[in-house]
Amino acid sequence: ADPKLGIVYDAGGKFDKSFNQSAFEGASRFQKETGIKFIEVQASSDTQAEQVLRGLARKNLDLIASIGFAQTQAVQKVAKEFPKVRFVLIDGVAQGANVNSITFKEEEGSYLAGVAGAMASKTKKLGFIGGIDIPLIRTFACGYAQGAKSVDKKSEVIQNMVGTTAAAWNDPAKGGELARSQFERGVDVVFAVAGGSGNGVLQTAKEKGKLSIGVDSNQNGLYPGSVLTSMVKNVGNAVYDSFMQQKNGTWQAGVTAKGLKEGGVDWALDEHNRKLITPEIEKKVTAARKDIIDGKVKVIDIRTGANCPA
Amino acid sequence: MTFEDLHIGSILVSTVRNAPVLIFAAMAGLFAERSGVIDIGLEGKILASAFVSAAVAFATKNPWAGVAAGVAVSVVLATLQGYVAITQKGNQLVGGIAINIAMSGLTFVVAQFFFQQGGRTPDLGEARLFDVVLPGSAAVADIPFLGWFYTKLIGGHSVLVYLAFALVPLVHWVLYHTSFGLRLRACGENPHAADAAGVSVEWTRYRAMIIAGVLCSFSGAYLAIVQSGFFLRDMSAGAGYLALTAMVFGNWRPVYTFLGCLMFGFFGAVQIQLEGVDLPVIGRIPGALIQMVPYVVTVVVLAGLMAKSVAPKAIGVPFVKSR
Amino acid sequence: MTTNDMPRWATAFVLPVLNLLSALLVAALVIHLLGEDPVDSMRILVNSAIVNPEGLSYTLFYASTFVFTGLSVSIAMQAGLFNIGSEGQMYFGGLGLTLAMLALDASLPWWLLIPVGILGAAVFGALWAFLPGYLQAKRGSHIVVTTIMFNFIAASLMNFIIVKYLIPPGEQNTASRVFSAAAEMPRLNTWFPVLGDTPLNVSFLFAIAALAIYGVMVWRSPWGYKLRATGLNKHAAHYAGVKISGMIIAVMAISGALAGLGSVNSIMGSTHYLSLNFVGGAGFVGIAIALMGRQHPVGIFLSSVLFGALIQGGFDLSLEKPNIPTETFIFIQGLIILFCGAMENLYAPVIVKLAKKG
Amino acid sequence: MHPAVEFRGISKQFGAVKANTDVSFSIAKGAIHGLVGENGAGKSTLMSILYGYYRADSGDILLDGQVQSIHSSHEAIRLGIGMVHQHFMLVENMTVLDNVMLGAEGGFKLAGQRAGVEATLRDICTRYRLDVDPLATIQDLSVGAQQRVEILKQIYRSANILILDEPTAVLTAQETESLFEILRLFKEQGKTIILITHKLQEIMDITDTVTVMRGGKVVGAVQTAQTSKEELANMMVGRPIENNLPRAAYNPGKPVLEVRDLELRDDNGVALLNKLNFTLRAGEIVAIAGVSGNGQSELMEILSGMRLPTSGQIDFEGKALPFAGRSDADGLPRTFRELGIGHVPEDRLRDGVIKGFSVMHNTFFGHQDDKALKNRWGLIDFKGIAERCAGLLKTFDVRPANPDLRIGLLSGGNQQKVVIAREVLANPKLMLVGQPTRGVDIGTIEAIHRQLLALRDAGMAILLVSVELEEVRALADRILVMCGGSITGELKIDEFDTTRIGLLMGGMHKS
């Protein structure tokens, strides 16, 4: 029989223009290709996450994909209660023989964004705008800075966070304002990792004739000619793959960290930014990409407790 | 650290751009509250008008149609609030909060229904309101200071920004130098006195609410079709409450309220600049703590410098001709 | 036209029911416009929030937190203070609780640990409200403004503290570590298995007790008498010998403590760790509950349950009817507050007429 | 000629209270018509109906022979009716000028008008000898001046029918006299005036005709010239009023209150009280006479603990009152009350009662911490209080004797009875009494006076502040006159001399 599949988004919801949406797209692609349906739910609070997971587990689903680190504890707990149900946790690490935790090496993708940004920048001042100051976002920032410094030691990364509450992911006006202020400080390429607020950043960059870098999904097409590239985080692929594995019986528990090598993250080059990516930039980024995959360059992940070298 | 690092210029420009959301809403609140109706529903009206302006601007590809639709919706909400406060003599705080909560939900639901983008409208693109370039900008652009002053600080903003700043003297004039303003203030201070003088308290308050609706809608329109270029759920992000704060801070007086709005705008801008900068002595302040700056400053200023704020006396009390 | 002209049963029962029905009617219209069947939706909603024991249990779980935040706003309102800061106070209360747990959950037995956690939550909540109270009493800073500011400040501060100090090394989730089992509030399903595997816990009983204590303190104790006098007329309260500034500071501290206690249910009763934004608007819901419940214990309880039911039922409904997003219930909350809280006398004239005829 | 105003069968009911029942009478053009009656007789209600404030349940109002339906004050004003309310209808933080213009503006823009109106006002002030600065802010004005602003408003609007609801309750004799001067001027101009007052002497002095109301009904209508105070009083109350109440011989006991060099300065250092010295003994009533606003209120506030003095010494029963070392008076009134100082505040609505509480809840206001009122759980003993309240309502004849009514719905006189009863019941050693009969009808005045005298006879020390010389004369054993924050003179009751007191009140000569 077809596997029974479920997906649980976190508070951001499936249209967050970020990893939830990406997960949704991955699941939809799976449905389209296989015709197998999936149940989807949004959990607005940690308590609800537990409630939802338990509710789905009781329905004897075969596999439940939990999107977002906020569900870590809930997955861990419910997985223990329902050893027969399989769980995929995106962005967090939960223990359990029936859990596959998938994390991403955001630092690696961000590194490429940093390389591209530093190459494209005339002022050698790069901007980074994050949603909230949390480890995940800092990981992006640090990888980005490492990439930029690898191109030019003197390049500078100016960082701003939008806010401290959930509203920070939905505040495009503030995002735009932050971008403006960075531009006035000489920044000419800005990397936005701020959910909906990032739209304000991209938009302002377009208005001011500066370059921006998108995140999570390929945002190059949002403002063609202004979005330098996007740091794509293939949450959708991860969900798609998990569903596929379940279908094919190849699913395995464990912890998977998906970097450039595993296709978890990457940079985006398409018709929208083709003109912006000069052959030099492309050469440099491709080289960096290869170095990382080959292990010649190690990008520091600050989540391991390391200090950011850049 | 040098003076240049502080980017005073960019802070000032940013202040000018940040303030209108608060100015429109605070002036709206001022009308409502000086007439005696507590307007804690600013947030909901901003949100509703932001959504409607964005949606209509998108649908018609005309930002002004968006602004007009925003005005209409905000006025409807303000009138509803007025109906609760004035005719029903209900609790004004409840009425306002109800509108805030209802709009937070409804804007999402409707946006989702029409656009299927998670409570977001599509990008407005050409339907946004664009910035005004003052005549002669190109000529002076390269002159030091003057160029910046004329093209960036004074010029280069949306029409709504100019409207916001022009509103302050206008509100002051209406409030203090017209018969409507006199009646309005009397209704907020002592509605019984106004009533005894032959002034219709209810009608005066309704008019105040309608004006509040109109002004508040500009705040939402500015947010959606000027600053962001689309609508996003809960995008007002507390601006209504902040505007209310500026108004209390300004002791319910237009010019001081305006200064309060500028202060929030200013410290918001300073906070952006401070992030990641090494300050002398203190060093680098963590980003999360820098976010507190505007709020801490407000508390300190309120506690330290301001005299006790005096609200209009009859505020929040339904007018009942009875002892 | 006043409610004075009406029989008591009308004001206490008929009006609220009519108002609730009106709100639901508007809600039904919206659901209909969204392309779903309102009657069926309502059935699912009621079923999953009230009828089904597990759903009811979740409803009461959410209500437990709301009772505390509702009480927090209510008691301040009795003194004429509009405390918008319950959100931040609950947030900070959660910090107090968590610090106590992180320090002691390995060494203390549950019967000591839980009271210590409760105390930590109350003290930190009180502290966060004390400052605005003090500034209002001594410096005349408007409580509405300062509490709003303190919400923002709490958010920033908590963000800083959690990210910098509380996230265990190597973890992604912006949350503290999970407490030991000793720190778990006993769940009611231990005694009533019918409730199913739900987080409804002893906090619910505490919430009921808090309502009772609140009722007695406010309406039966000399302190409550002075409290209400202060709220109604400060000049007269001063004449009556009330220490106004002391009263303001005290009631704000109590208000903050109550908000802080709200975190006990959410953290010790459910998640067992402190996470970023765990309050999730419960403090603001408290404002709505206090206003709708008219600061009366029974009213607070009923509104809390109503809001809990909307969260639980709405959640289940959105599972079954994908066209009805959960946000619809935020809208319905607003409608209910509008009709039941602000337009409470909408039907009074009609009732009075009918009562006169009949 | 038609009468200026005619009431035909006016009835008005509030809930169960019949405020007006079939009221009919008329007022001739150019007359000054008095309207008297007990508290709650329905006078203000009737006038509120005339002014469009309430709608009558039934009945008609005729102006100049025409039936008019007056459904708002706006309408009333349009018909030439002006009203000076019992409680002033002024916006406190606005200027006199703005208050006068409110509702009678000449156009949307005020800028051009203000100067013109100001000139008009100054002109009116000289013509009517009204001492008001059009640019002064209301809250800075004395009560008398605020009253003049109300009059000014009516003159400015050239009202033809002027209703004055207890305009003299807060005025001094001189102020009353100048008000009457203006009313006479109005009369000469052919205006019609309706005057409500509880002071029958004023009725005799100025009115042409009088209507007496009781329990919402008209019980008499007479020509002033053909009646007397006694007859009016009899009609109002239904029994004769005793003017000279009996009292025991003056036999003062130990000093209860000794005030030495008491000084109070405001934040700007301006002296509000100047080196006050006096003693009050058990079993005597000392009255402080003076135009209001000369420091009496401040003195009472200090003695009751509501305010801290700047310097000086106050001994109560030989011990210093605990002012020392305090930065504010927070909570001090409770200490004073526990020491045995009772206080009937002069502004009962501001200080004395909580309008939103029931009558019963107000009967222990200020005494909520008394041990006797608590049960063994430390909670308020509502059972005991209900009994106590029932007794109190009966003894002090509070009407209606309904303990659950919000006190705000009681008439002023009855509110006052509750306050006095409450303070009396605590049996203090010293009673501070401020303006005990302001706005109170003659029957109730008599009852209150009897009560105070009985307390004195029983050995209580009473400090009375009153602007009514009649009251001072009826109650006091000794009289202190205050002016400008100083005591300008002291008289024994047998030296009572209106002229001399008047001079002292004006600060004319120091004895």
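Per-chain residue numbering starts at 1, and chain names A, B, C and D are given in the order in which the chains are listed.
Note that in this section a residue touches a chain if its C-beta (ideal position, glycine included) is under 8 Å from a C-beta of that chain, and two chains touch if they have at least 3 such contacts.
What you are looking at is a predicted structure, and each value in this text was computed from that prediction instead of being measured.
Novice: Smallest number of touch links from subunit A to reach subunit D?
Specialist: Counted as steps through touching chains, the separation is 2.
Novice: I'd like the Å distance between the centres of subunit A and subunit C, where a centre is the mean of that chain's Cα atoms.
Specialist: Distance between chain centres: 35 Å.
Novice: Cα centroid separation between subunit B and subunit C, in whole Å?
Specialist: Distance between chain centres: 29 Å.
Novice: Between subunit B and subunit D, what's the gap in Å when you average each chain's C-alpha atoms?
Specialist: Averaging C-alpha atoms per chain gives centres 46 Å apart.
Novice: Among the residues of subunit B, which are close enough to touch at least two other chains?
Specialist: 112, 119, 233, 238, 286, 288, 291
Novice: When you check subunit A against every other chain, which residues touch at least two of them?
Specialist: Within subunit A, the residues that touch at least two other chains are 133, 163-164.
Novice: Please give all chain pairs that are in touch with each other.
Specialist: A-B, A-C, B-C, B-D, C-D
Novice: Would you pull the subunit D residues touching subunit C in the complex into a rising list?
Specialist: For subunit D paired with subunit C, touching residues are 15, 304-306, 328-335, 337, 343, 345, 350-357, 361, 365-366, 368-369, 373-374, 378-380, 382.
Novice: Spell out the part of subunit A that touches subunit B in their complex, as residue ranges.
Specialist: Residues in contact with subunit B: 13-17, 21, 133, 158-161, 163-164, 167, 170-174, 176-178, 180-181, 184-185, 196, 199-200, 203, 222.
Novice: Across the complex, what residues on subunit B touch subunit C?
Specialist: Going through subunit B, the ones touching subunit C are 84, 88-95, 97-106, 108-109, 112-113, 119, 233, 238, 241-242, 244-245, 248-249, 286, 288-289, 291-292, 294-296, 298-299, 302-304, 306-309, 311.
Novice: Applying the document's contact rule, which stretches of subunit B touch subunit A when the two form their complex?
Specialist: Contacts found on subunit B: 7, 9-10, 13-14, 17-18, 21, 112, 117-120, 123, 223, 227-230, 232-235, 237-238, 268-269, 272-273, 275-276, 286-288, 291.
Novice: Within their complex, state which residues of subunit D touch subunit B.
Specialist: It comes out as residues 51, 53-54, 72-74, 76-78, 83, 85, 87-94, 98-99, 101-105, 107-111, 153, 408-409.
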